[in-house]
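Chains: A, B, C and D, in written order; residue numbering restarts at 1 for each.
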Amino acid sequence: MEVGLIGLGNMGSGIAKSLLRAGHRVTVYNRTRARAEALRADGANVANTPAEACRGQAVITMLADDAAVEAQVFGKEGILASLPRGAVHISCSTISVALSDKLTAEHAKAGQEFVSAPVFGRPEAAEAAKLAVVAAGPKSSIDRSKTIFEAMGPKLWVVGDKPSLANVVKLSGNFLIATVLESLAEAIAFARKSGVDPAGLLDFLTSTLFNAPVYKTYGGLIVEGKYEPAGFALPLGLKDVRLVLQAAESQSVPMPIASVLRDRFLTALARGNEHSDWSVIGRVAAEDAGLAATKKAGA
Amino acid sequence: MEVGLIGLGNMGSGIAKSLLRAGHRVTVYNRTRARAEALRADGANVANTPAEACRGQAVITMLADDAAVEAQVFGKEGILASLPRGAVHISCSTISVALSDKLTAEHAKAGQEFVSAPVFGRPEAAEAAKLAVVAAGPKSSIDRSKTIFEAMGPKLWVVGDKPSLANVVKLSGNFLIATVLESLAEAIAFARKSGVDPAGLLDFLTSTLFNAPVYKTYGGLIVEGKYEPAGFALPLGLKDVRLVLQAAESQSVPMPIASVLRDRFLTALARGNEHSDWSVIGRVAAEDAGLAATKKAGA
Amino acid sequence: MEVGLIGLGNMGSGIAKSLLRAGHRVTVYNRTRARAEALRADGANVANTPAEACRGQAVITMLADDAAVEAQVFGKEGILASLPRGAVHISCSTISVALSDKLTAEHAKAGQEFVSAPVFGRPEAAEAAKLAVVAAGPKSSIDRSKTIFEAMGPKLWVVGDKPSLANVVKLSGNFLIATVLESLAEAIAFARKSGVDPAGLLDFLTSTLFNAPVYKTYGGLIVEGKYEPAGFALPLGLKDVRLVLQAAESQSVPMPIASVLRDRFLTALARGNEHSDWSVIGRVAAEDAGLAATKKAGA
Amino acid sequence: MEVGLIGLGNMGSGIAKSLLRAGHRVTVYNRTRARAEALRADGANVANTPAEACRGQAVITMLADDAAVEAQVFGKEGILASLPRGAVHISCSTISVALSDKLTAEHAKAGQEFVSAPVFGRPEAAEAAKLAVVAAGPKSSIDRSKTIFEAMGPKLWVVGDKPSLANVVKLSGNFLIATVLESLAEAIAFARKSGVDPAGLLDFLTSTLFNAPVYKTYGGLIVEGKYEPAGFALPLGLKDVRLVLQAAESQSVPMPIASVLRDRFLTALARGNEHSDWSVIGRVAAEDAGLAATKKAGA
């Protein structure tokens, strides 16, 4: 399939490689051109403008936040102005429910299709075509994009025909992960101060009741106090909690744990951890318990 | 081994059967004698008093809470007065860290040994010898009790030589489970009100990032609003959160999520859910989001 | 002084009367014209467009929220396009810190002056010239507006020369009031369920430690469960908490009580209290404590 | 009246002086005898045992916590064993609702009377007979103790005939004061980091909406970061929040703000502020906002 891809961070670059390996013809665009050039060796065409990445049957966006997506969609050379009628915009970014609804309306007006398809997984999973993809949008649009989704991960989860439903699922998932971080942070601070070896505690927990990767990975980081380098940076975690709270507020849904998470991420930020992994709330929990501070970035 | 077992609720009865099947000679005692008599068929001796269950090399207690344990330990015919010097009291109940420390001191004074060995698992796991056992106490005491632990579950997790450390681990584990309940309750209320099919959401989550049994089991109950009959009753859940908060407070460890859990369990209790499963905080989250109330016990 | 006034809700109308009584020449504008006409009897001129209210040395805005202010400022016939160079825009609305900063920049570009001057007090205080006015902006602008402020209340509190500082103070004040509501709601639910007469409790508290009007007024509403008609409606309270949280987040300041307030207001909203006074969180606290529901609007 | 007084901390000593000045014959007892001897000059008799302070028509206890009260009441030479039938025990300490209920039952069994009469006010108010006294108990007992209450403060607030109701009122009051501390701490951190002069903010707030002494006194301490020496020490504040939470839990009343307070006091304690005033949560709020730490005791 002829497909464009806008946004070549670690996730976007990984997806590009997976698409190319699956036989798609991929035109990539990135604001910082060097990241696009790097994909030539894998067979990608490099676009000079977002518009040039919009000449196929589909364009994928994989960007940092609402502002970055809006910049690529609504500009003069943007997706809305450039994508052919009938072609589909597949948004893989973690964006707000509100922006997803807005994109749905704007693309419809322009005779284009819109599918929201946020992904779960780290950059290595993106490159290895092992992402978990959650999609929502008109059935026909999703059907037509099938080979794209197949190139991204082993299974596609379709959660409805209204695109923003996929964003609700993505935000719910990230909320649950952030909750795992905070609950492990509290449990480990409690255990450490009570004299329990935290590594032993984690080994027990993840060998029995909590044998899911998210507990192992993040539990390990918190036990070791290894918050740098950041796999997923603190400000991005705070952004996701903010998006959950905003979307929930628009539906009048109180989320007390999300409120706790927000305060914790803000505290971590105020205390100078902006370049650390979002699991750095483990450091905040330790400090609040009066435990000897664990190492800090650059310290 | 000659072993006594005091406390024959669903968990205690299951453990008794596993011990008998493994070839131990078991003398059981229960305040309500009928539950003890029921185990005769499996080969158990029935004691008339707690003292009669204290004539072997070990006595196990599997009781509801601190008060129940204190009643069996400190009475005239109680364990402390009856257990031979050198014999070991293995406490499997979920009790406070403070009581565990007190039992450690009192048994030491009486020349008896004390091991704290709380368990994770449901009654079926107890009967099938599939419990996860977390033990702490003097190495020699644990070594001598090895065949007992082997009869209870496939693997023993030893977390230190101070008995109450096992209680810290047990309380940490229950705190993490309760957090899973509340975070799923919030996420599902948010998703439902946003128009996402909650069963589909849960299927996705537990097939990917959260493929641990605790998410599947409790997520299912919350999605279906099936809080009765109680697998683990709300007041017991509240008790465990209280024990976590008390133990953490004694170490000056703040636990904001535990505080949220406490308020949620109390709200659930005040609204008349005392006979429901502790996952009934899913109902509270739904009601607080203005969602049509799900079914209530006896309604 | 020749002054325009845009926004004639209960607060704006009260301010208009006070200004007229103090001898100012006032041209009023309101989207719904009837409320403007009603002020003719008091000596006001009625403008057909916001632009017509911008022909004097100053224009005051007293509007519901950010969106309403932006609509009057940035439109074609709006304040920015209409106010003479050197004239001052005095914003009395409770708006976001971010919008206040934006207005500061935009008016500066247009050669106009901007003063933020939010007020504390109810409509009766506005009409009686008894508002507490908190102002921030360039000293010269505030000095030139002195007779306007004198017409609004007995004392002016100048908190800095950056206009948005006044918004920070306003939001801090509203946060503190909302906290009083919630803490009284919790204390009264606790006391009622414990068997204490809540009216007696309130009488004691407000006769001794808490003899400030805010405790008397709102405590009385909560004790009586008299949440309708709304003096200050729930959605406005939620809006103010949202503005505090946003402004604090932009400075990386966690505010745990504000998070609790947000969840409580959302719960109240989700449970159908959107037309009630913001003190209706007293009803939420009572319901969460299992107390017989107090009366609801229209019930 | 012939009256005993047990517990001569700053509050108890002040009350003793007020009673003596009002003409009562007062026999005082304190564990550390020196504090009792110091009152001889004011006309007090000094008891060698608590029993010797129980020979009149009434005995007052003014002690630190439940444990201290239990030690004086239930010992061999204690109040229960020593007070004549028909005499009254007036408990002015801030104790738990549960202990108050227990004392009610025990004194009734012994044919003695029990009145709970916790007080609001600082040591200077105790000495100046300006305490606010909240009493509950049988009407006849309170009537007979009238001259004692008159000697303590200008007005007596009777809140019911069940003694523990007075403790509920006392705990509610302390909860509201602690809430003022935390809300001021958050508002001041927010204002400071936003560039508002906190002293100006406080002056405005306490001159207008919040002109109650509790806002002025504690707001001043937080603005100045002057948490030492402690007027009311942090561990006592934590104790009171714990008592509120316990009493509310026994009635199934969730109190989200009290939960926040508990976490904040614990954090303050864990960070080494145990000798500071309970308003030191202002320091915690500042640190969590990344503000330059304010001075610490002994630093």
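Simple rule for what comes next: contacts are C-beta pairs under 8 Å (C-beta built on N, C-alpha and C of every residue); 3 or more make two chains touch, one makes a residue touch a chain.
What you see is a predicted model, and the numbers here were worked out from it, not measured in a lab.
Trainee: What chains do subunit C and subunit D have as common neighbours?
Mentor: A, B
Trainee: So which has more C-beta pairs touching, B-C or A-B?
Mentor: A-B
Trainee: Starting from the Cα centroid of subunit C, hunt down the chain whose centroid lies farthest away.
Mentor: B
Trainee: Between subunit B and subunit C, what is the gap in Å from one C-alpha centre to the other?
Mentor: Going by mean C-alpha positions, subunit B sits 52 Å from subunit C.
Trainee: Determine the centre-to-centre distance between subunit B and subunit D, using the mean Cα coordinates as centres, and give it in whole Å.
Mentor: The answer is 38 Å.
Trainee: Quick check: how many Å separate the C-alpha centres of subunit A and subunit B?
Mentor: So the centre of subunit A lies 37 Å away from the centre of subunit B.
Trainee: Listing for subunit D: what residues touch at least two other chains?
Mentor: Residue numbers touching two or more other chains: 248, 252-256, 260, 263-264, 267, 269-270, 288-290.
Trainee: Quick one: in the complex, what on subunit D touches subunit B?
Mentor: Residues 242, 248-249, 252-256, 259-260, 262-264, 266-267, 269-270 of subunit D touch subunit B in their complex.
Trainee: Which of the residues in subunit B end up touching subunit A in this complex?
Mentor: Those in contact with subunit A are residues 97, 120, 132, 134, 155, 157, 159-160, 162, 164-165, 168-169, 172-173, 175-177, 179, 182-184, 186-187, 189-191, 193-197, 200-201, 204-205, 207-215, 244, 247-248, 251-258, 260, 263-264, 288-290.
Trainee: Would you tell me which residues of subunit C are touching subunit B in their complex?
Mentor: My answer: residues 256, 267, 269-272, 287-290.
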